[in-house]
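Okay, so here's the structure we're looking at.
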């Protein structure tokens, strides 16, 4: 029997103390410093911004930010987590 | 094996007896004093206001408040919890 | 290790035999005497009214009531429970 | 420790062999003789009518009935169960 | 302690080898010979027709049938099962 | 106690290595060779086509196919599985 | 008793370190190198592109790509995974 690959949740460990992006249902996007997570993909973030994307009158995609500070995101809202790039 | 980071739910402990914001599905927002929570993110709040955001005729975002007193929020409605800032 | 705060469900005990409000998905609101509950937030209420809110022709919010008597609400429909105020 | 109140599901026992109303998601309403239930609020009913409510041309609420006989309702569709009144 | 009534699922046993109707979310209706089921209300049917209801130009409700043969219905789609009438 | 009928999932065994149709939420339809399944109705298919049904300008129902090769379908998307006919 | 076929999840093992396509609810499509997965179909991908399909002014289907790098997809968003073809 070949070895089972790592679980996706294990890869979040390498992003602790780093900035990640979280794409959430209902067109929400959060950017923040990952400080905690669990197997449901509940996430604890510090220094979080909520990012709203919209089209301006010229059809360009623009971003607006709202500073939220520390948040706990309930995992069942998450579509995907974009991990910090390895340097 | 590196140490597993804290679970997001553990960070709620520091906000007990403090005012938090809860963003809930279907465009609801609650502000209240956190008194209890569990692993489903069920929350017990005292002195709660429900906050409705709307655009007025001039396009400005405005808030209206409804006082609710003590409420139990069922966790599966929660999108995120905005914790009290450390002083 | 600090003491875990009470679970939200425990606060419902103090409202047994008292009138509570239950906000439910799909714009329903119930007011009734709490007689039983469980950890899923299933609720048993007596003397229950279902309250419909609507705007009249002058733009005022109005309420209409329908008497339902004794009902069991399935917990997964609940958004929040508004507990009886302590006297 | 105070005694835990009865679970909502326990109150269904008193309605066995009696006519109850079941309000279900997607605007369905059933009326039937309760013969069985379980902890998921799955229900077994005999002599069941499905009731459709609609507004006629004069704006009055009217009911239409469809006889279904014996049905098993899957519990996750239930919003609330309206128990038989005690006589 | 009074005897717990039968579970709804137990009543399906009497309909094995008989024709039942299954009302499913998203306006689907199946009619078929019940051959197997489980506690999730997953169902195995033989000789199944899918029934579509629509209004014709004169406003009459009409049915169209599509023969499907043997199908496994995933239980979480089921609203209710209409059991075979006892003869 | 009468013998419990087979579970619906057991009937999938007879369709392994045979072509089945899978009707999925959001109007998707897959046709492929069943190679694996589990109790959640997760399915592994080989030689899979995704079938889109649409009405052409004359009102006829037409099908278009997209070849997908080998896919794993997550079970909670499944409405029903149409088993291979016994020969 | 005949041997139970392999579970769908087991077939993902052969695609580790290979490029797969993931079709997700709300019209999202990801293409990336599979590095980890679990029984919920949570997936860890590297070198991921998000693919948006749209119709241009001439009615042709076009694709646009957004590079995401490493992502964890929460399994409950997945409709199906299109495995790498065996060479």
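The chains carry the letters A, B, C, D, E, F and G, assigned in the order they are written, with residues numbered from 1 in each.
One rule holds in what follows: a residue touches a chain if its C-beta (ideal position, glycine included) is under 8 Å from a C-beta of that chain, and two chains touch if they have at least 3 such contacts.
Since the model is a prediction, treat every value here as computed from it, not as a measurement.
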If you apply the touch rule, which chains end up adjacent to both chain B and chain D? C
Please tell me the distance, in whole Å, between the geometric centres of chain F and chain G computed from their C-alpha atoms. 19
Between chain D and chain F, centroid-to-centroid distance (C-alpha), Å: 34
Going by the contact rule already set, what residues in chain B reach two or more other chains? 76
What order do the chains sit in around the ring if I start at chain F and move toward chain G? F, G, A, B, C, D, E
Can you list the chain D residues touching chain E in their complex? 13, 16, 24, 26, 28, 30, 35-38, 42-44, 68-74, 76-77
Across the complex, what residues on chain G touch chain F? 2, 4-12, 25, 41, 75-76, 78-83, 85
